[in-house]
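Structure, as structure tokens:
By written order: A, B, C, D, E and F. Residues from 1 in each chain.
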Amino acid sequence: MRIHVINPNATTAMTEQIGRAARRAASPGTEIDLATAEGTPVSIEGYADEALCIPPMLAAIRAAEARGAQTHVLACFDDPGLDAAREVAGGPVLGICQASIQVAMTLAARFSVVTTLPRSVPIIEDLADAYGAGRRLRRVRSIDLPVLALDEEPARAFRLLCSEVRIAATQDGAELVILGCAGMAELCDRLAAETGVPVLDGVTAAVRLAEALIGMGARTSKLGSYNWPRQKLGGFTPEAA
Amino acid sequence: MRIHVINPNATTAMTEQIGRAARRAASPGTEIDLATAEGTPVSIEGYADEALCIPPMLAAIRAAEARGAQTHVLACFDDPGLDAAREVAGGPVLGICQASIQVAMTLAARFSVVTTLPRSVPIIEDLADAYGAGRRLRRVRSIDLPVLALDEEPARAFRLLCSEVRIAATQDGAELVILGCAGMAELCDRLAAETGVPVLDGVTAAVRLAEALIGMGARTSKLGSYNWPRQKLGGFTPEAA
Amino acid sequence: MRIHVINPNATTAMTEQIGRAARRAASPGTEIDLATAEGTPVSIEGYADEALCIPPMLAAIRAAEARGAQTHVLACFDDPGLDAAREVAGGPVLGICQASIQVAMTLAARFSVVTTLPRSVPIIEDLADAYGAGRRLRRVRSIDLPVLALDEEPARAFRLLCSEVRIAATQDGAELVILGCAGMAELCDRLAAETGVPVLDGVTAAVRLAEALIGMGARTSKLGSYNWPRQKLGGFTPEAA
Amino acid sequence: MRIHVINPNATTAMTEQIGRAARRAASPGTEIDLATAEGTPVSIEGYADEALCIPPMLAAIRAAEARGAQTHVLACFDDPGLDAAREVAGGPVLGICQASIQVAMTLAARFSVVTTLPRSVPIIEDLADAYGAGRRLRRVRSIDLPVLALDEEPARAFRLLCSEVRIAATQDGAELVILGCAGMAELCDRLAAETGVPVLDGVTAAVRLAEALIGMGARTSKLGSYNWPRQKLGGFTPEAA
Amino acid sequence: MRIHVINPNATTAMTEQIGRAARRAASPGTEIDLATAEGTPVSIEGYADEALCIPPMLAAIRAAEARGAQTHVLACFDDPGLDAAREVAGGPVLGICQASIQVAMTLAARFSVVTTLPRSVPIIEDLADAYGAGRRLRRVRSIDLPVLALDEEPARAFRLLCSEVRIAATQDGAELVILGCAGMAELCDRLAAETGVPVLDGVTAAVRLAEALIGMGARTSKLGSYNWPRQKLGGFTPEAA
Amino acid sequence: MRIHVINPNATTAMTEQIGRAARRAASPGTEIDLATAEGTPVSIEGYADEALCIPPMLAAIRAAEARGAQTHVLACFDDPGLDAAREVAGGPVLGICQASIQVAMTLAARFSVVTTLPRSVPIIEDLADAYGAGRRLRRVRSIDLPVLALDEEPARAFRLLCSEVRIAATQDGAELVILGCAGMAELCDRLAAETGVPVLDGVTAAVRLAEALIGMGARTSKLGSYNWPRQKLGGFTPEAA
């Protein structure tokens, strides 16, 4: 089984980190086909960053399918271009936000998300709503640190995350906390151990769900919304991107 | 990996059928711990049938965990007692309705469900809403056949299902159809082949998601709603059930 | 007029308390047919407790109709098995949660609920949503006391309830507070007097609504979802439970 | 017990009809204080008709409380001015739309409404949503007859209603049908008998719920939204209306 | 272009204030046809106040159309009688609440409203929901001052508004604040300057949207809900009001 | 006043058409700064087409602001990249889908949308929901023609549109129909004349709303979600795109 795990931003240190989390999460026989979207922002912090990473990511998905990838994990918690990715992919595509919310909905009746910057809070609220979290999502919280600071100031990031996870449990009544950034994946176990609160990482969740989907023979439905992009005569077409 | 798959109704022929679907769905290393809830109705067709199957099912879950089951699949599309099962289980618990809706939400933008009796339609509508399907669920349809007729009149059942799957695609704009009864599991591939519409079976979906949850080390959160049932002094307690 | 009021848990002291509240609430000509569900948990605190009380409660409903009960009040704020009860009953069935929320929606534009344990909060939130409270329900609060402590530590319970009712009014903007446990019924008037906030008890609400439904000749619709459980050949059937 | 039943439109023949339905619905000891709002449109068919009937209705409510009415039933299915009425009344106020939807939610899992003119359909859809019917309301249907035609062409009205009730049951899956106009109250039993579908009339529902509210000692909460209109110095005040 | 701007309450000082805001907001060629609804409460603070101002307002709308007004702005944040106004008007009708919420939805992903009295909070919450604000509306806040105190105690009102606007930004995460009362229109720029938070006034928003609607040739649809009130034989009709 | 109107697809014939509609819609003093996003698909038919047009469109928005544009209209009914555009723009940004839905919500209580391909139906349903249309949107319909066929087969397109507009009015109860594609803008008046149903074009709506926003001094809030994209050291940044 071959899972294409793509980091939509251009920071290869973060790709490596995501790769370690993905490989640790994967089953023995699974091959992680790790990629970085090229020419994209160094981190995804807002709608414009998202928009800029999508076209290279779509190209990467096509390339990965050409070399045998059966499924795709978009390793950014904003799930940038998830619907578009489903159009260009034959295999199932998972975003780490949707994956972690689906898993959380089977493990806890109420949960919260902790992310990096405040500007990402409404983005994640809207995604969670689209994925059907409803009342189950108590609150999206932020530690007010940029994405790259997770790597640059790990001690401070960990301290702030511990504090916010505890507040989520005591004030929100969260029974589980989702980490709202791919860059937090490797902190997951330590956070759970430190706080006593179940903590869920989206990269891990998405990799295992990707295996499950391949295992059940699932393919993206090509019957309507996620059908292949239409071929257009005499013009630029997505397939040629 | 050991997955407890329980048929909440008392019909062992149906348990066998579910077992075949579960084993076909499972990964090579996975052991299916198949069980029938004892003393329950012969089929689950309505709220009272559901209620009667839950206490034996909870006892079966405890027994299965005692003999090493790490996760549980409730093989009835009404997901009877799913929240209660999460309270008594340490491992993750999956209902086939929730599992198939989660999978459908990653493969198609709009989908429909086809079930047996009309009286199950509102039940499934309410479940799908609780699981966050929202607008993505176009419609819950029924073929107006009792559950056990799937086994007794297979040709007629198959014909009715084909017809309803096609109507779901053309009239509802469903891009995928979920089979709304555990007893339909073995018809899945033939229905997809016959109609050209992607068809999803919940037993298959739930078994693979169960593997994924175990694989990622997930456990039911015991921090709040799904905490173990409270021990009560001087009285009947769930734990003693 | 004969109203079957059933305490779904096995604590007869609580049944007596519910009976006193029901009789005080009833019209002069109304007979309260008081019952305790047998072999159930001593209190209902979570999903598994609920599940265990439902089959005996369904049997009690059938027995009560056989001896002339025209309507049924389920005296537990989780409304356990309400839909199943409607299937097995010919007369209307009221849960005290639904009843009190319906009454609150006619008396106040915004209200809160105060219940016992934190683990019941999500249960009541989900019920209130299913009953259509929407924005009108400001918040479900808990005093963090087990159900039976209401009886064992009445002074402490009353003090905690007063405090939470006041907070609901001042912080939530609740214009009325619903007591979220049948065991609080007899505290209702004192709480309202002490806090100056309108306080509503579900047993009282349900008994009077039950009279109203009988008075208007209402019966549970047997046309679809709440139709009698299906009779099944050669097997265990709900009717025989 | 004294219930003020007010017909918000100026047609006294309709008031009489509503009065008959209310008296038939009431308990033996209940006195129906029947009134017609003066200077209002002859029927309520749209938002402007509603608006014009509210000020006289508010005055009528004050007058009725002055002569001893304990509760109020607004006998128009648009529930015109229901919130305003709750401000000026001390006793509980019931609209026949809200009352019938609350009752329907206890008797059936899915129901439809049949009203007079198509222009009333969105009005009733919005009310039902505000009252929390949600998915339970399958559809609001109209027979495309003006309100007064119910009285002028009774045979035609009955025939159209029978047809629409049957369609609601077979096409919508409605398990019960609510009559969406006070002028249909007296047709309720005949419609149910003719169609075999449970049919609910709002006047009947509201009168019995009004008795229930008085019986449980309920008063409109004066703690916030429904507090008495504010007295204003040097100007026209609602109290002086 | 001629815009009818009507103050639904009887306080002409407030009409003048609204008129100044409307004229400052309008394009050079636009004529503001300013009116006060006669015989109405001196301020609109609750549902009954709203109800009493609607019939005179509907008459004023008809009169304004007769003298050439092409569109109407209802200058009260409760948008009293907005649907009824659309029935009696041929031109488009704007309420300042709906207008400001529509504008806010194009400028900010999350916003709050600050109004006068706490009793108006649920009213505005319900309006915002009907207008589709959903999650975008973070919270409706009040400064707990009556409407007329805005004029009588301007310094205190300004201080309280500044404080509440700042709290909305820091605690709610509001990216913009809407002023929830027509009487606050002239404070808008000073509040934005003082707090550094974008502040939006509904009178300004509605006047410009009214110009836009006329500019695009829009008329209220007379095809259904907003069709002219029905003419009724032999009775009081809205048209004759 | 200078409005940047951008056609996100690469078909300049369509840009010209949009330009004609925009100029006809604009006020006398308004300058339409018409642009085509370069290197994008020839039409936007699905999620991947959307994704590919966004980065060039963001660059075009920056360029337009640099040459004095005060506001932006995205002339594609999928509103591709609307949130991202708001991040990179200082002036307000309008999508033609959001603009037309906001206008429709002031003119009609219920409306439908008619678009080109079936695959765009779920996209528009999701947008309309995010913009708060709720129940007001009756249905999104398609004529099953590709975008460019509007230009290539105008007679057929017009005939299909007439038919679908009529069905929307009679079957959906739509009181107004929105044209769900920028390429339909010039057909608007003829469709309304032919069908008797009010028909709304999004380009017209957006241009006039853009003027209104500029007229009221509105700017995109830079306080949170729509703040300028973050500058990032040592890497590709959106600003440099």
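Definition applied: contacts are C-beta pairs under 8 Å (C-beta built on N, C-alpha and C of every residue); 3 or more make two chains touch, one makes a residue touch a chain.
Predicted model only: the values in this text are computed from it and were never measured.
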Set of chains whose contacts include both chain C and chain B: A, D
Chains touching both chain A and chain E, listed by label: C, F
Chain whose Cα centroid lies at the greatest distance from that of chain A: D
Identity of the chain that, by mean CA position, is farthest from chain C: F
Distance from the mean Cα position of chain B to that of chain A, given in whole angstrom: 27
Distance from the mean Cα position of chain E to that of chain B, given in whole angstrom: 51
Junction residues of chain C, two or more chains touched: 83, 109-110, 118, 122, 126, 173, 224-226
Touching pairs - complete list by chain label: A-B, A-C, A-E, A-F, B-C, B-D, B-F, C-D, C-E, D-E, D-F, E-F
Contact footprint of chain F on chain E as seen in their complex: 25, 27, 83, 92-94, 98, 102-103, 105-110, 131-134, 169, 173, 175-176, 197-198, 200, 204-205, 207-209, 211-213, 215-216, 218-221, 223-226
In the complex, chain A residues that touch chain E: 118, 121-122, 125-126, 129
Residues of chain E defined as touching chain D within the complex: 10-11, 39-43, 45-52, 54-55, 58, 81, 83-84, 86-88, 118-119, 122-123, 126, 130, 146, 148, 224-227, 229-230, 232, 234-238, 241
Of chain B, residues touching chain F in the complex: 109-110, 135, 173
